[in-house]
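Some structures to go through are shown next.
Two complexes, one shared chain (chain A), two partners (chain B, chain C).
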Partner chain A sequence: MIALEKRPQPARGWVIGAPLLAVVLTMIAGGIMFAALGKDPVGAIRIIFWDPLFSEQFSGYSRPQLLVKAGPLILIAIGLSLGFRAGIWNIGAEGQYIVGAICGAAFGLAFWPSTHPLIFPGMVLAGLLGGVLWAMIPALLRVYARTNEILVSLLLVYVAEAMLASAATGWLRNPDGAGFPGSRNLARHAGTDNPELIAGTGMHWGVLAAFVAVIAAYVIMTRHVLGYQIRLAGQAPRAARFGGVNAGRLVILCMGVSGALAGMAGLFEVSGPAGRISIDFNVGYGFTAIIVAFLGRLNPIGILLAGLLLALTFIGGELAQLMLGIPAPAIQAFQGMLLFFLLALDVLANYRVKLKRRVAA
Partner chain B sequence: MIVDPVTLMVALITVATPVLLAAIGELVVEKAGVLNLGVEGMMIMGAVCGFVVAHHSGSAALGFAAGMAGGAALAMLFAILTQLLMANQVASGLALTLFGLGLAALIGVGYGGLPLPTVYRPFPEALRDIPVAGPIVFSHSVLVYVALMLVAAVWVVLTRTRIGLVLRAVGENHDAAHALGYKVVRIRIAAILFGGACAGLGGAFLSVVRVQNWLEGMTAGAGWIALALVVFASWKPWRVLLGAWLFGGIAALQLRLQAAEVGVPVALLDASPYLITIIVLVIISSDRSRAALSAPAMLGRIFHTSG
Partner chain C sequence: MTALLEISGLSKAYPGVVANDDVSFSIQPGEVHALLGENGAGKSTLVKMIYGLVKPDHGTMRLKGAPYAPAEPRAARAAGVAMVFQHFSLFEALSVAENIALGMEDPPKPRDLAARIRDVSHAYGLPLDPFRLVGDLSAGERQRVEIIRCLLQDPKLLIMDEPTSVLTPQEVEILFQTLRKLAAEGTAILYISHKLEEIRTLCDAATILRLGRKVGECTPRAVSAAHMAEMMVGKSLAQPARDTHTPGAVLLAVKGLSLPATTPFGTSLQDISFLVHAGEVLGIGGVAGNGQDELLAALSGEINAVPETITLNGLPIGALGPNARREKGVLCAPEERLGHAAAPEMTLTENAVLTARIRRGLDQSGFVDWARARRFAQEIITRFDVRTPGTEVAARALSGGNLQKFVIGREILQDPTVLVVNQPTWGVDASAAAAIRQALLDLAQGGAAVIVISQDLDELLEISDRFCALNEGRLSPARDARALSMEEIGLMLGGAHDMAEVVA
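What follows is the complex of A and B.
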């Protein structure tokens, strides 16, 4: 019979190998899913993972999209990974992303039609603060009222969506928009726009911020005492308490940072790729970022790679929808599958598989 | 009067039922020491499977059975991950929700707006016509009464039977339960499947009875509210019923206030069920003595024997 023996430490090889194997298994399982939909499985996988980068026909449009979509995913996932490592589960990044976008856009629109160079930095700051504000609700409730932050942060996503609907149809609606929902276009107005910094690359301020966040997170996790405290609190909460780690402060800090990054990601999106506040400008990056964080092993470099991969599935998914008529939700199921396989394969990193004869207990 | 109390009561019970079914299932799962955050995913799978099967077969009962099967199938994935492969329960639950939302949307493509069979109502017309009590007590579809009986059954089993005692032992101290010879993993898998079937049934009720349509993402956080209700109820079945009715009352009331245009912003009314759930959670959890004492001690912990 098969038995599992706990390893004293996670196996090094499998920590890196598991995500790679998970991607391969997801491609196989995804292929089966596409075949069940009556589509050519090999062709579908090629369109999702290969054509956006290498086909002559599509890569001109798709390659810049890679950074456009990876930017917010990486930015949000980096913030989430700090908390996840410390056992602090902020799963409402989608809400913080929406509130950040609303606050940042509101700041920019308040000074309309000014094109002062300080307006965009102000919008970024307002977006950041909006995200922090939204994340502070579950953080403070966890610290001072012992309320489960998983449930509160998630429920607040629905509250944020209600706020977004009221902003898009009411107080942020374009006054010259003939009554249609949606705000003025921020991306097409100098002063409030988040432009492509290097033409043809998709690189905008948000992507740059994501790269800076990756480097900062790497330094904090490996070189700073805060990184040590985060890891200690996650792996041995009791030891952390005796070691003088202030658990409440850590919760507020981790939630605050993840809220700040999610809020900024929202602002960069709404002033760049999305262009304006609309009822459904958010496409679920806050939830997909959870997959990115886990697939990247909560490690900054891993998250960078995982963010690019999931961005590829978004772009490839759109392409597959266009070319093969694969329904959009198939990609969401595909991304969920990836997380399943990863979690399943983690057993190989943490346990040694042994074959042994069953003995009478 | 802008809101009629009798129709409000009827709507309250209808709105509360999907959440009640999901929450009572999750209560059993958590009593066994497992935290399954995938309730939202299991509910939406139940909603889509229930709708599709009810539409094709013309039988609501078959739809409900399919909803239960869909929820339980997704729960089986969670059981394999967390019980056999020792995966983190929080992450696995989230994966279940993300995957369930995607898969359900995929299955449901093209089903929105298709016709459904009518649902059986157990009480005769004469009883339903009694003023006040008729609509409130006798007018509902059969699943509403099933949900109430399920709450009673879960209460009896958990507190009055040997099975319930074993289940609670597994949730309070899995090592001791294992030492006594109980199959911890098997008991937990059974509890997880029960929870999945309940969540699926709740989802099927939502699509087949309450909304009578399939819409992508139609559960709209009901699964998460069910999870909050379990905490609110301090893991006690009757309090889950109370919590579900409280939630149902607010959700039904806010819809009526929106229709009556009373001057409260629509966004605030839309958000009110979630906001009030949060407020109630805060009140319950800040009571130090109660919250700490009633949570199953092994909730979310991984069980592994080296022996």
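What follows is the complex of A and C.
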């Protein structure tokens, strides 16, 4: 019989070793799947993990994409992780991301065609406030009406999507766009654009913000009283109240921070990689960030690595579809395998596997 | 007659500690056998081995003459060994019957189970409604759930880990009647306790452990409590020293404090008034679930009251939060150590920050000064003799008594003006309890006002200057504790009529 025995402390070796082993196991299991589909397994794995970064043919395009895709994931996931640590479940980052993008874009378009240097900072602020505003609805309802923030924040995603559609087809539509839905292109206009800061890296203001958020979250969680209170509230709510933590204020704060970061992520996206408000502007970063947050153990450094890894599989997956004709569901199954192995092997960090014979009672 | 359980040469070592070293004793059928020892004497490890939670390194056990080596608690239960733990493992959101069904291998239909629960609870004088939510039960009632859960398995040996630490004298009497009835029917009981007088009234035999070794056995009725205490501690115990003194000015005044219940089955506080003077210990007695938790929450600031109903030095503090009150010198130590007074998964250093951040300056402009926090945690550990490998150990890893010392020490070392403690010595061994009581008396001696909420009447009479009783959310007027007889206290507690029903 196989038994799991809890370790007194997580094993240091496995904390690092488990993710590496998970990637290797995913390659093996995924390779078998690709082979069964009649594709070259080694080639497929190489296209997913290696070519996006190192192939001469593709890396020119896909290497910058790594940061472009990982940036919003990390930025949103960092915000979510603070609340998740405190037992506050903001599932609606996607909605806050959309509202942030709409508010930021609206601010920039309001001054069109001005190129004043304060316009972009104003857009960032507007995006941040838009995200906060959207997150405050579930936060205030939870504090003052005892509703469940999971449901409210999730359902508000669909409201935000409806608002996005109305903005793209109505009040933010490009007046010079011949009636097509979608706003003016913010990325191609000096003053409203979120440019690539270092050419060929994909690094834009949003990626920079994500890195700053990682560092700030790390400092807050380990050194600041707020981080202490967040951990306390998540682990022992009653002790937190005894310790003077105001639960309602913590909910508003954590929801506010996650809304702010999601809103900023939306703004950086709409003014950079996406370029404009369109009906299909949101591609699920807000939801994927939940996976990133948990994959990173709600730890800022972990989230940074998880965001990069997930972004890599997205880019590599697209490349594999394109180059080898591997069907999209197979790519998704492959990504699912990665998550599965990561979470399954995580057990090894906290538990020790023991083989023992069943003893008759 | 062969012994029911025979233990010979049991040893168990953990890295760095020898928990049990060559322990041997035997329990006869129908015998109430006491297991005595200080915290860390190895009692818990020993019963865990009997219950199949821990595997011994050496030694053998024989149950009814046959070799007995349970690989897991299920095997122990199947062999007829049941255990009531000191910390209950119950789901608060489930009913009594659901909780009991969860622990069974093959639970019967809910209605049949409820009927069986009622039968057993009547047969043994432990009234319990199978359909009530565990979350609404008092500690004493929760213990009944655990006991009935065991009795439904029809055990041959029942292990009880400090069962009376949460009970009132009346509840203790009911429990003892139950245990005596079980013993008369042939069930052996292994009874772990620090309360020597209880052991003398209840137990037929006693095995005494110190530092993992068996240091003696005795017939409790034939020896004095002091003698057993000496065997247990290895030295003689000092009674808490106290001087008679005249109390100083009124520090904390509560006047007309009323609060609605916070949970559907909670207790509402009704028109509570009392004064505490500098240099005084006020004892508040009462059966669990009569508003103790609510009173502590109102005093700590976890529940807000009308500002003027609670005043400190004449200034209203009733509407201040916990940290604002700490700033003013009103400190509290709640009853529930894990999850309320301390966060179980956090280290002792982190738990030191929980309440001492403000008064001990453990943060600077919002950033926690972890080095300072660690020094403060170390200070608590040293001053209050908390047995732990260090400051970076999770609170849950400490034994109940050691964590209690840490929690009380954390508040006392913050130099409070008013200290409120709820059940300060629950589950703490005799010498540690004496140390905690002495620390509380010293604090009062130094001019602080101390409020001790407790169910342990002996403790209250030992340290209180004045005594009042909490019953159904109402507080009796305070009386001079030294002039009270047990009967008067019984009347003050006012819960006697409830207990009479229970016994009948």
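Methods note: the second predicted complex is superposed on the first by the 282 of 361 C-alpha atoms of A that agree within 3 Å, B and C clash if a C-alpha of one lies under 4 Å from a C-alpha of the other, contacts with A are read in each partner's own complex, and residues count from 1 in each chain.
Just so we're on the same page, a residue touches a chain if its C-beta (ideal position, glycine included) is under 8 Å from a C-beta of that chain, and two chains touch if they have at least 3 such contacts.
These numbers come from a predicted model, not from an experiment.
> Thinking of the overlay built on chain A, is A:Ile291 touched by chain B (first), by chain C (second), by both, or by neither?
It touches chain B, and chain C stays clear.
> For A:Tyr351 in the superposed arrangement: first (chain B), second (chain C), both or neither?
first
> Counting residues of chain A in contact, which comes out ahead: chain B or chain C?
Touched residues of chain A are more numerous for B.
> Kindly classify A:Leu308 by the partners it touches after superposition: chain B alone (first), chain C alone (second), both, or neither?
Touch partners of A:Leu308: none, neither chain B nor chain C.
> With the two structures laid over each other on chain A, which partner does A:Pro329 touch: chain B (first), chain C (second), both, or neither?
First partner only.
> Does the superposition put A:Leu21 against chain B (first), chain C (second), both, or neither?
Neither partner.
> A:Val225 contacts which: chain B (first), chain C (second), both, neither?
Second partner only.
> Based on the superposed arrangement, let me know which partner A:Gly243 touches: chain B (first), chain C (second), both, or neither?
second
> Residue overlap on chain A between the chain B contact set and the chain C contact set?
Dual-contact residues (chain A): 361.
> For the complex, which residues does chain C have touching chain A?
Listed in rising order, the residues of chain C that touch chain A are 69-72, 74-75, 78-79, 300-302, 321-323, 326, 332, 334, 336, 339-346, 350, 353-355, 357, 363, 366-368, 370.
> Quick check: in the complex, which residue numbers of chain A touch chain C?
Residues 223-226, 228, 231-232, 235-236, 238-244, 246, 358-359, 361 of chain A touch chain C in their complex.
> Applying the document's contact rule, which stretches of chain B touch chain A when the two form their complex?
For this pair, the touching residues of chain B are 37, 77, 80-81, 85-88, 90-92, 94-95, 98-106, 109, 216, 220-221, 224-225, 227-228, 231, 265-268, 270-271, 274-275, 277-278, 281-282, 285-286, 288, 291, 304, 306-307.
> Using the touch definition from the top, list the residues of chain A that touch chain B in their complex.
Spelled out, the residues of chain A in touch with chain B are 4-6, 37, 89, 91, 141, 144-148, 150-152, 154-159, 162-163, 165-166, 170, 287, 290-291, 294, 327-337, 339-340, 343-344, 346-347, 350-351, 361.
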